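Each of the two complexes below includes chain A, the first together with chain B, the second together with chain C.
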Partner chain A sequence: MSEPVAKPKSSAALVQSRRNALRSYLGAYGFMAPAGVLVIIFFLIPVAIVLYLSVTNLASSNFTSDLAKMEFIGLKNYQTLLNDQFARKIFFNTIFYVLVTLSLFNVSLALIVSLLTTHIDRSAGFVFRALWILPRITSPVVYILIWKRMMAEAPFGILNQFNEFLGQPTYNYVATNPWVFVVVVNGFIGVSFGMIIFTSAIESIPKDLLNASLVDGSSRMQRIRYVILPLIRWPLLFVVTYQTLSLLTSFVEIQLLTDGGPGLYRTEVWSLTAYHRALSNYFGNAQWGYGSAFAVLLVMIGVVLAVIYMRVFRFDELVAEPRVEAL
Partner chain B sequence: MEIRIDNLTKKFGDVVGVEDLTLHIEDGEFVAFLGPSGCGKTTTLLTLAGIYKPTDGLIRFGDRVVNTVQPKDRNIGMVFQSYALYPHMTIFQNIAYPLKLKKAPKNVQNEQVRQVANVMGIGELLDRRPGQLSGGQQQRVALGRALVKEPDVLLFDEPLSNLDARLRLTMRGEIKHLQKNLGITSIYVTHDQVEAMTMADRIAVMNGGHLQAFDAPDELYDRPKTRFVAGFVGNPPMNFLDVEVSPANGQFLAQADSIELPLGVERGEASAGHRGTVVMGIRPEDIQIVDEGDVRGEIFVVEPLGREDLIDVRIGPHSFILLADTEKQHRAGELVSLNFDMTQAQFFDPQTERSLLWHQ
Partner chain C sequence: MIRKLCLTMLFALLLGLLAGLAVAQDSVSITVRCKASPPEEDWRCNNFAEVEAEVEADLGIDIDLNLIQDNAGWGDYKNEFVLASEAGEAPDIILSGHEDIGAWAPAGFIIPLDDVIPMHSEFDDIVPSLWDSHGYAGQIWGIPQDAEARPIFYSKLLLRDLGWSEDDIESLPERVAAGEWTFADMLATAEAAIDEGVIDAGNGWWHRPSNGPDFLYYYFGHGGEVLDMEGNLVVDSDALVATYELLGGAVASGVMRSDIIGVDWNEVWHPTVAQADTVLFAAGGTWNWPNWAINYVADKGGDEFLFENIGLTLIPAMATGNAITLTHPLTYMISSGSENPDVALALIAAITTPEHNNKHAIDSFHLGILNAQLESEAYANNRLLSSAHYMLDHTTALPNHPGWNAWSNAYFLGIQAVETGEADAAGAADIAIAQMQNELGDGIMVR
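Now for the complex of A and B:
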């Protein structure tokens, strides 16, 4: 029996193993390349362009065919922004909108819908969930038009026609309670994302575990509290994180519903402002540079929030290598 | 706690889980549900636990009809094949969970959990999480969790199927020992007939959602009431052969092609009354390889099992499994003479598959 001694590698073998290492290295990047290209084209490059625009004075009022006339003005746009008398209001509008919609609809109602529909007959649960997906898959324009038709003032709105028919006073719903409608209309869209994630998380809890809890003496409510909720902790935190960021950047529905009004900036949110300033100014002047400054701040807030969430919720634990099963 | 199940049926839409099951289990008894996969054992158990509502029939715990009683109000403990430990709780929290739900005071919880954990030999594991335990340890925790609430009834659903053979043997003994000590009425579901035979006071054999037999282990083995029971209980399984039984000079003869086996009066009369063929069953240990026997055949295959050889002997188109001493060193192709112990032979009606010897 010879001793197992590590043989010195021949130079040919060395070249071979280097080649293998290179190949697997290239393989890894090859697989990541499509996603990488998408990130570069649709995220990094636009961010770079917007970053650049935000330090220029580019606007339709000074726009010529000679873009070189665009002037570098440093942080002046940011200065203007901080001194903007409405920036503060819009900032708090945004926080209000994101917090309320997220907590009431995107998380709570999503959780309630998925808990309810997983505790009833399977096919009935499926039907209810399908209904909740409708707002998401309907085109925003159509979806908002439906709401506007329902809620429009007398004599156009369907609800108000009912009111008139019943001899009740009529209301200008959206104008009197714009925030209620902004939150509800967006909330109905937002429910489906969390609902799908929570439902699949609940359904992937082993049946034995759920049965064991009942046999151990829990009611169905106690089972939700002590077993189901702790077991879907990661999906919950993920939905909170993801939906915060997507609410921060969403504005199409608000634009279509109230366009930030009624009145001055009553329901205007940050991302909508960026759009208004850059592309659809009331006064016909598209301030591309100034709007970009809004957008840049939004991206920064989003990145900071994402990092905070990842720290607080310890997402690194979620993706950590599983400990060796001691079975 | 005495359990009486009367005409229990549980259907899932059109799928029959279990049908028309009647079973009376005595207080303190250890009953096994034995049957192949999909025969309705788990369904029956979960219906007893209150997870499923019966489609039809009555379940009584003592004098109380529990058909619509919630699981939490049945005071049962259950052990699952998958252990079903809560992965987000420590072992202590797992075992304490039933007590917490009962709102037992903290110090009582503490004391009872430790006591049960010591009995189960998992006292040092209380701070760990289920994922950090071996399968055997997890099963002990599951058993501890079922016992801690001092249940009236213990339900086991194939609790040892995921363990390795040696551990299975140890746990088998421990569970039986615990059950006898505590005297808790227990139902133990298994598809492993050795487990059922060694542990249970009585075995309910099920097939296709129907109860086939409910008897003590040796009764099932020696006097199987249906062909299914005869074939399912016993390892290696019973040999079956279609034979014609006819009287012959004061005795009887069981015949199939060239095979002719003399049969005693008692068994002969019971099976000969039947027109045409009947199904004869004979266990491997009741067939011997001898120098001078009833019939001759050829060894087709020899499978060494260690202690003995499992031998497949072909006689014409028929095949018989039997056991032989390894020292005899039988080889495939060898011509042998067989002796059938016909006093142990079983006979079944080919249509109803019921025993012709042991009427219900």
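Now for the complex of A and C:
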């Protein structure tokens, strides 16, 4: 008995099939185009420009916006950067700042606040979450001014005025423990982002799952450990990734609070150095080219970290078609 | 009839347009950007409004004057001018520190003024030494707006507590100027005040809490130079080490607090020094005085309180044996993008008179820039200005050089290192020199 032979597609069907495939591709790319254009204009082109600036000696003393007129100096800025006696210190400051702020506040405290406020009265939870959002929506200048007023040395600081009133010794808090305040000040801002994501994720867990765990006799802690946390895994990983990259590039609060000091770059982070070099200098003659070299390395670190996170956390699974659909 | 009427109207309209064009051709727009702290420094910009009509009458033109005064940080202020220049939107006149000539002249953002300065006799009377800080590459690039001295403020109140007589206190500026009372004496006095409980440790001497021009006079005071005869950047390692020994030693002996760098200017530094009851010696600038009188001790009597409790003197002699100070003149520069540089210069010339500069000098306690100001009644009768003008005879200035910011940032790193105890004086000098060499390469000579 002969094998059934597949009926060859007619040429018209083939053309139609190709058309459908093309339409499908065009549709997909069409939907992505607006976002793609934004990424090109606001990320890829600026990165390319900064990359180019980093191989020039552009400064206030020879400033031009004409790329063709800038003096190409190859990798000299990178050589200067690598020979800088404080580059290593600033790099490890950055790692320390990101790791500590991320782990203590942007993820852990955000998760704790979310869990607590979703396990109390709904309106009370809303009020507490609204309070935690205040640092995020307050202007950085005002926010840091409040911290400075609170922590200033005696007799100016509010906390030290309490100390004096109580007969306790006074402290110059920020100068003595600059990292504590850099992390806390930034952490309080960072909590709100994770808190919103985690809260919405917890609120969206089907109530029957939560009730079922209680019916099965789990305690609240067990329900958090074995039901809630596994179900908010993806939001958790997203917050870790996003906030890592966000902290890497944030410097405004540090600039306003300590400006990288006290002493020799004690709280200086990489992005603040790029700003100091390229955009802000008491005596003028900002080093745009040299500052761009710092910025390029920051972009490279960010891209590498993003790729590592996507691989380690298997983000492809997050965006994959649900298995029930694939059956 | 109607046709005639239409033609007449059209003719009248054309005449009107032509007349309007003629007027418009004589109207020039001048934008002036001034960095000034209100209210005491308002005259930096407002003086232009005072002379606008006079210059209009002299030149026979209508000036559309646009004054922009702000009090932004120096870094932002300077960057704005650089970006505006490149965008073709720079103001006609920019007021900034004279050291910006070192960056803006080679960039082509400002114009040289040698050929046009002689056209205005007002400039003939400018104190000759002030022109030194306005040169670059053999040309003059700006007109001095003001001068100042950066003195040591001393608390008369605390010196009295220490047992000084009124004669001792009032004669201190003279003794300092003569080189009789030196920096070592100042430190010894501060130590004595701490030992006797007049002040707390760390409050014997405060310098400024952030990078700035003042720090250079300690280096100059130890014989250091920033530029050689050919105008190249140099660093004298011996002077550098000696400077860091002085600063580190003051911290080690308890005269100065180790965290003075980083203290908030407005929240801590000014309010503390102005009260005169906490800090014995403070290195500041003459313009601090009206700021204190208005913002910090107005309730105690303002000027009168300050005269009663605070005095000012030159920086006492260090290794060179000469008392010094540093002047950081602000400078009116004319943008290369200005379409009417002659009008801009005429406006600057019109305010470079004793009458106009005195208003700024008196309100802001900046020193005069004209010889005639010294002879003017308003200036001579001003107790503050007359007590400080002699400091211009002892002054130094920053260099105008594109590499100055790298030099000064490295120098400041050494100061931070030695004051926080992260390095001794020799180590701090090594840090500073290594930083200079890394960033300036062949552009710095270590001596």
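Basically, the second predicted complex is superposed on the first by the 275 of 327 C-alpha atoms of A that agree within 3 Å, B and C clash if a C-alpha of one lies under 4 Å from a C-alpha of the other, contacts with A are read in each partner's own complex, and residues count from 1 in each chain.
Assume a residue touches a chain if its C-beta (ideal position, glycine included) is under 8 Å from a C-beta of that chain, and two chains touch if they have at least 3 such contacts.
Here the structure is a predicted model, which means the values were calculated and not measured.
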Partner chain in contact with A:Ser139 - chain B first, chain C second, else both or neither: neither
Touched partner set for A:Ser24, first chain B, second chain C, both or neither: neither
Partner chain in contact with A:Lys148 - chain B first, chain C second, else both or neither: second
Touched partner set for A:Asn285, first chain B, second chain C, both or neither: second
Greater chain A contact set [chain C / chain B]: C
First, second, both or neither for A:Asn83, with chain B first and chain C second: second
Chain B versus chain C as contact partner of A:Leu264, first or second or both or neither: second
First (chain B), second (chain C), both or neither touched by A:Ser11: neither
Touch list for chain A against partner chain C, complex: 59-65, 80, 83-85, 148-149, 152-153, 156, 172, 175-176, 258-259, 261-264, 279-287, 290
In the complex with chain A, residue positions of chain C that touch it: 73-76, 78-79, 82, 85-87, 96-97, 99-100, 102-104, 106-107, 109, 210-212, 259, 261-264, 267-268, 271, 398, 402, 404-406, 408-409, 413, 416-417, 419-420, 422, 431, 434-435, 438-439
Complex interface listing, chain A residues touching chain B: 206, 208-209, 211-219, 222, 226-227, 230-231, 233, 323, 325-327
Touch list for chain B against partner chain A, complex: 46, 49-51, 70-72, 76-78, 80-82, 84, 86-88, 97-98, 101-102, 131-135, 145, 149, 155
